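Sending over a structure as structure tokens; questions will come in a sec.
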Amino acid sequence: MPVDCAFEIAIERVSILDEHGVFDESLAQGLIPDDDVVKLYRHMSMCRHFDEIAFKLQRSGRMGTYPENRGQEATSLGAAYALEDKDWMVTCYRENAGLFWRGVDPEKILLHWMGDERGNNISVRATPLAIPIGTQMLHAVGLGWASKYRGEDGIACTFFGDGATSEGDFHEAMNFAANLDLPVVFVCQNNSWAISTPTAINCSAPTLAQRGLAYGMHCVQVDGNDLFAMVKVIRDAATRARTESRPTFIEAITYRLGDHTTADDARRYRDQDVVDEWSARDPMIRLRKWLEQRDLWDEGREQALRTENEIYVKGVVERAGGIEPPTTDDMFAWMYSEIPPVLDLQRRTLRTSSLGQGIDGSGS
Amino acid sequence: MANLTLVQAINLALSQEMEKDDRVMLMGEDIGINGGVFRVTEGLHERFGSRRVVDTPLAESGIIGTAIGLAMGGLRPVPEIQFEGFLAPAYDQICTHAARMRSRTRAGLTAPLTIRVPVGGGIHAPELHSDSPEAIFTHNPGIKVVMPSSPYDAKGLLTSAIRDPDPVIFFEPKRIYRAFREEVPEDEYTLPIGKARVVREGCEMTMVSWGATVVQCMNAIEASGRDIELIDLRTINPFDMNTVAASVCKTGRAVVVHEAPMSCGIGAELSARIMEQCFLRLEAPVQRVTGFDTIMPYYKLELDYMPDAERIGKAISETAAY
Amino acid sequence: MPVDCAFEIAIERVSILDEHGVFDESLAQGLIPDDDVVKLYRHMSMCRHFDEIAFKLQRSGRMGTYPENRGQEATSLGAAYALEDKDWMVTCYRENAGLFWRGVDPEKILLHWMGDERGNNISVRATPLAIPIGTQMLHAVGLGWASKYRGEDGIACTFFGDGATSEGDFHEAMNFAANLDLPVVFVCQNNSWAISTPTAINCSAPTLAQRGLAYGMHCVQVDGNDLFAMVKVIRDAATRARTESRPTFIEAITYRLGDHTTADDARRYRDQDVVDEWSARDPMIRLRKWLEQRDLWDEGREQALRTENEIYVKGVVERAGGIEPPTTDDMFAWMYSEIPPVLDLQRRTLRTSSLGQGIDGSGS
Amino acid sequence: MANLTLVQAINLALSQEMEKDDRVMLMGEDIGINGGVFRVTEGLHERFGSRRVVDTPLAESGIIGTAIGLAMGGLRPVPEIQFEGFLAPAYDQICTHAARMRSRTRAGLTAPLTIRVPVGGGIHAPELHSDSPEAIFTHNPGIKVVMPSSPYDAKGLLTSAIRDPDPVIFFEPKRIYRAFREEVPEDEYTLPIGKARVVREGCEMTMVSWGATVVQCMNAIEASGRDIELIDLRTINPFDMNTVAASVCKTGRAVVVHEAPMSCGIGAELSARIMEQCFLRLEAPVQRVTGFDTIMPYYKLELDYMPDAERIGKAISETAAY
């Protein structure tokens, strides 16, 4: 037959707890113990409060640009819950919930946005927030590879936005992982926007999930505001990575409820109506309802939690704000494992010209 | 005449060139409905529509690579790269193709595109939003590099850049986007690419700078009370060595100021050329006041990194005293 | 339903005249007039001879590195035949057959490989051979876009190898074309190798054709050694581009019968058996049989053609070899539209230091 | 001791480091079964297997980006980029990430990778196979840049580079890959990164170069019959200014030679620094003999572009006569 079929495929979409409260018991079977659901809800709530406070810090001039995470908490948190300590989490900048769950001190995230590199010095297996869009996925591929190289079963799970999938490095990362059989989970947070650019300009295909088909990679679409579904798809993907050393591409559909960052004004380019629709799909609303239906949560606990969050985040802000300022030495001290003589001269004199200085660095 | 900020002057140059020449079109991330993250293209999408003001996918190599194709196809694309740090993913298309197309094809095909890019530090932005890579695109031959230091210059230079048959990187010092206003003619005008401007005449010493640091230089010169000649390079590549050399041969002393790291910066090139051309007139070594040979730090330290009036002042006294 | 289908697709494979001589009359209906098939065969034969001679030029030290085109002629030739003069052909370096058909003087191609930029100064709508792998597709996207911008219906057709699809720029080009609705045809020549790297390392998916699914692009797989099928898929894609301004991704399956370039020795990494198998699938063998079956060709014409080719290519080689050498001025003259003073000094003095020279350039 | 070419010396360094340290692994295009297009990795795939010698997809940003991840994950990857022109697509990962990871994280994460790249002209290769981008990666702080000029140096420097806790670009001058042989110890040894080598002492003039042009310098010096001190920089970043300055303060004259374009090249930096540090000892301006400020031409003209003994010789006489 001169015209026959070269390739055929279908991609699944996964949802467990939807915005109307519909809950798929069978898929949820054994997924998250009730106690943990409570913990996860509490964590999300803390993150939401942190987000509000961070926003205010920027508005009051105590912090630089900050990207609100509001509305997207379930995505990275579900992933972080499903991952293990030995795994790497390689994020962009809207994954506070997941990073905090893994043990990144929220103070570090504030420090980062306060223009302080010390915010990137973290002790868990997480890379610093990625400012250059679409570049960090390659590091995840390398980190997963290093683990496989040593015969360990740690994996790398990387996060990025819909916009990031337009960058060449995204493609190269996916292609390396697929062709070299590396244990990586790629999570695209499709939040409808890349600053003011709607997803259709970055991907006009019917789904973002199908980006993975180019590499023969397992792809799946998931409701990113559904904590249960997130845990399930990440756990499946992590198993695929750990046991078969095969990558997975996950499109997590969520929504950026806030502005892109505090430097942005989303009213310039989007309708409030759609934002309102998405507000109703907030991952916390459905989770709280689910807990309340099962008597795992009530208004009293909610009140108590609010107070707890306030105290906790206040402490975080105080620690971040109270840190002694960096010194000019810090510009030089971390450039190389040992400071070279020419740079040391700049460090000691805070001058770029050695005018009037001997070659030994003496002089003015 | 209108009293405009740098942002407004650029916006005006863009709209006038678009009005005049249908081949001129804008493209980039968030430049359309949003008017660009610095609002430089504000109102242009509304006015010229989405054929001529195009929101692109988030991919800098793609933006420059397609702009090269558009230019080879006869248009005059003016792509925006959102911050200078994101020239890096487009480095290959810029240096491998835009800069080489004319010489590679013996002018059979050319790439007259103008890449607009906010540049430099001082606005408390996140990392990679505060760098000064002008030397990189000067060491790579084939691409012109322009950086205005005022609204008036910005309008005239951008108009020239868009009309120039060669590829141009037009660096916009973001620190002075809205820092001051200046009288700018409403009619179109051009300023020659490749020509420096003597901002202030003097005979005691020559100071050379460009972009946002020109303001710091002025402050330092005024504070010094000395008779210093200040040259704003305006075009970094090809730079106007004749103006610089003539001045230094007159004054015998020179200080070069820029934000970029010192090693292999434009300051190095100017310093070397000044020595080559004015050796016997030089009464002191050329002094460089630049960023350090380190990464531009996160913003808590950025002001310690950037040359300021104090550091420039020190260089002035040292050079004078030499 | 919590797990449902997000996306489903199938990709077609097209063949008209296969290696066994099986010919699909219905698909071939009205595709290429017999006269033209003869012309195309003659052209292929000329290109094959050119290729042999170019190889010998390198071996005898009269030319630098040269990449043999042998075995891949049908792919670019089929495309060139289906395109119009107003269209752009944006190639890599194994598309001599298509370029010559469009009117590129073969002498220019020799000049290119002889290390002479004048080989890139061509008057038809074709871009210079692309040395940096995977970068030229973006130019095709821009060229197609420029045509659309002006309301014209010219399109751009770009060629690249299987290896090139690993580069980030490939992804960015495909994504721009798909999302901005641009009239571009992407032709991947899957010739099994990228130097010594087998296709599986550059793409481990079942097909390369599915690379296009990531962008929601129309994708098709075709026998690249089948001139008829090539003409058909390019014509369909060109129509899609011209009338709907939509791009197409074509995987043309062919094989590199020679070494990667004259600098390569393929025996180091591949088995002769497979090469032999593919030799039997040579596009010229089946085309000649097809013509002979229809009494459009015979041994006499073949002999005559051989002589013609020899005379023609000899002339090409003489012209390329006889051109006066470039001068040092040529290094400078084409850098900018006008030579800047500092560069002019270097041009006039052939010196980089102006030592001993006045600022007016006078002096030694 | 064995009498080795540069290619063989590198191959030996690679295999000894792999033998010694399981964290060392090689990756790149065609480096496995094929042994690399210059055969530098010949035999290593056979010996160490495809876990440690990995043929990658054709994607330079991918190679460097994953190597950064491998390095952050505790390995010592040694990626090869096939030709220096193809560093351009990896420019972003090199400058944005490899060079910044240590300072960005205050050493929480580091990227100790060694990028091997053939560099420079003179082998009649196609375009983008003959460039010299060392200044680009010196102006961008955070990455060490090394370039040997002989088999002995190559082995010692590459061993140091692989063991170095910082990212290193190791440029291999392809023109002398097989141009000559040298006695090279079979046992492992290191040469310090950041230290120049005085190839030849002299007191009339200082000449500074690195890589393949060191050979041209030697020829020119011998032809000149003068007492010239020749310094091979060996490490471009951080460069050994003390050795250079000490020499020029002694000789009073300096010539710097490199293949890269002049403007903002390493020559500019050395020239500027020599002036800054030896001004009162200088009897002539520092002279630069470099590539022109043009694209490296296609190969018919490449020898006209590259500094040769004749051009260097002219510079010697001029500088001496000044």
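As written, the chain order gives the labels A, B, C and D, with residue 1 at the start of each chain.
To be clear about the criterion, a contact is a pair of C-beta atoms (placed from the backbone, for glycine too) under 8 Å apart; a residue touches a chain by one contact, two chains touch by 3 or more.
Values in this document were obtained by computation on a predicted structure and should not be read as measured data.
Novice: Using C-alpha centroids, which chain lies at the maximum separation from chain A?
Specialist: Max centre-to-centre separation from chain A belongs to C.
Novice: Using mean C-alpha positions as chain centres, tell me how far chain B is from chain D in Å, no decimals.
Specialist: That pair's centroid distance is 31 Å.
Novice: What is the distance, in whole Å, between the centres of chain C and chain D, each centre taken as the mean of its C-alpha atoms?
Specialist: Those two chain centres are 35 Å apart.
Novice: Between chain B and chain C, what is the gap in Å from one C-alpha centre to the other?
Specialist: Once rounded, the distance between the two centres reads 39 Å.
Novice: Of all the residues in chain B, which ones touch at least 2 other chains?
Specialist: Correct list: 56-57, 59, 61-62, 85, 88-89, 92, 96, 103-104, 127-128, 141-142, 262, 276, 284-285, 287-288, 293-295, 297.
Novice: What parts of chain A, by residue number, touch at least two of the other chains?
Specialist: If we look for residues of chain A contacting two or more partner chains, we find 117, 132, 135, 166-169, 172, 175, 179-180, 201-202, 330, 335, 342-343, 353, 355.
Novice: Graph shape for the chains shown, where an edge means the two chains touch. Line, ring, star, complete, or other?
Specialist: The chain contacts form a complete graph, every chain touching every other.
Novice: Give the list of chain A residues in touch with chain C in this complex.
Specialist: 2-16, 24, 27, 166-172, 175, 178-180, 200-207, 209-217, 220-221, 229
Novice: Under the definition above, what is the set of chain B residues touching chain A in their complex?
Specialist: Against chain A, chain B makes touches at 29-30, 32-35, 37, 55-62, 85-86, 88-89, 124-129, 262, 284-285, 287-295, 297-302, 304-305, 311, 314-315, 318-319, 322.
Novice: Show me the residue ranges of chain D that touch chain B in the complex, using the header's touch definition.
Specialist: Checking each residue of chain D against chain B gives 85, 88-89, 91-92, 95-96, 99-100, 103-104, 127-128, 135-136, 138-142, 237, 260-269, 271-272, 275-276, 279, 282, 284-288, 293-295, 297.
Novice: Residues of chain A touching chain B in their complex?
Specialist: 64-65, 112-117, 131-135, 163-164, 166-169, 194-197, 201-202, 263-264, 268-269, 325-326, 328, 330-332, 335, 342-343, 346-347, 350-353, 355-356, 364
Novice: Once bound in the complex, which stretches of chain A touch chain D?
Specialist: Per the touch definition, chain A meets chain D at residues 88, 117-118, 120-123, 127-128, 132, 135, 138-147, 149-150, 156, 168-169, 172-173, 175-176, 179-180, 330, 334-337, 340-343, 353-355, 357, 359.
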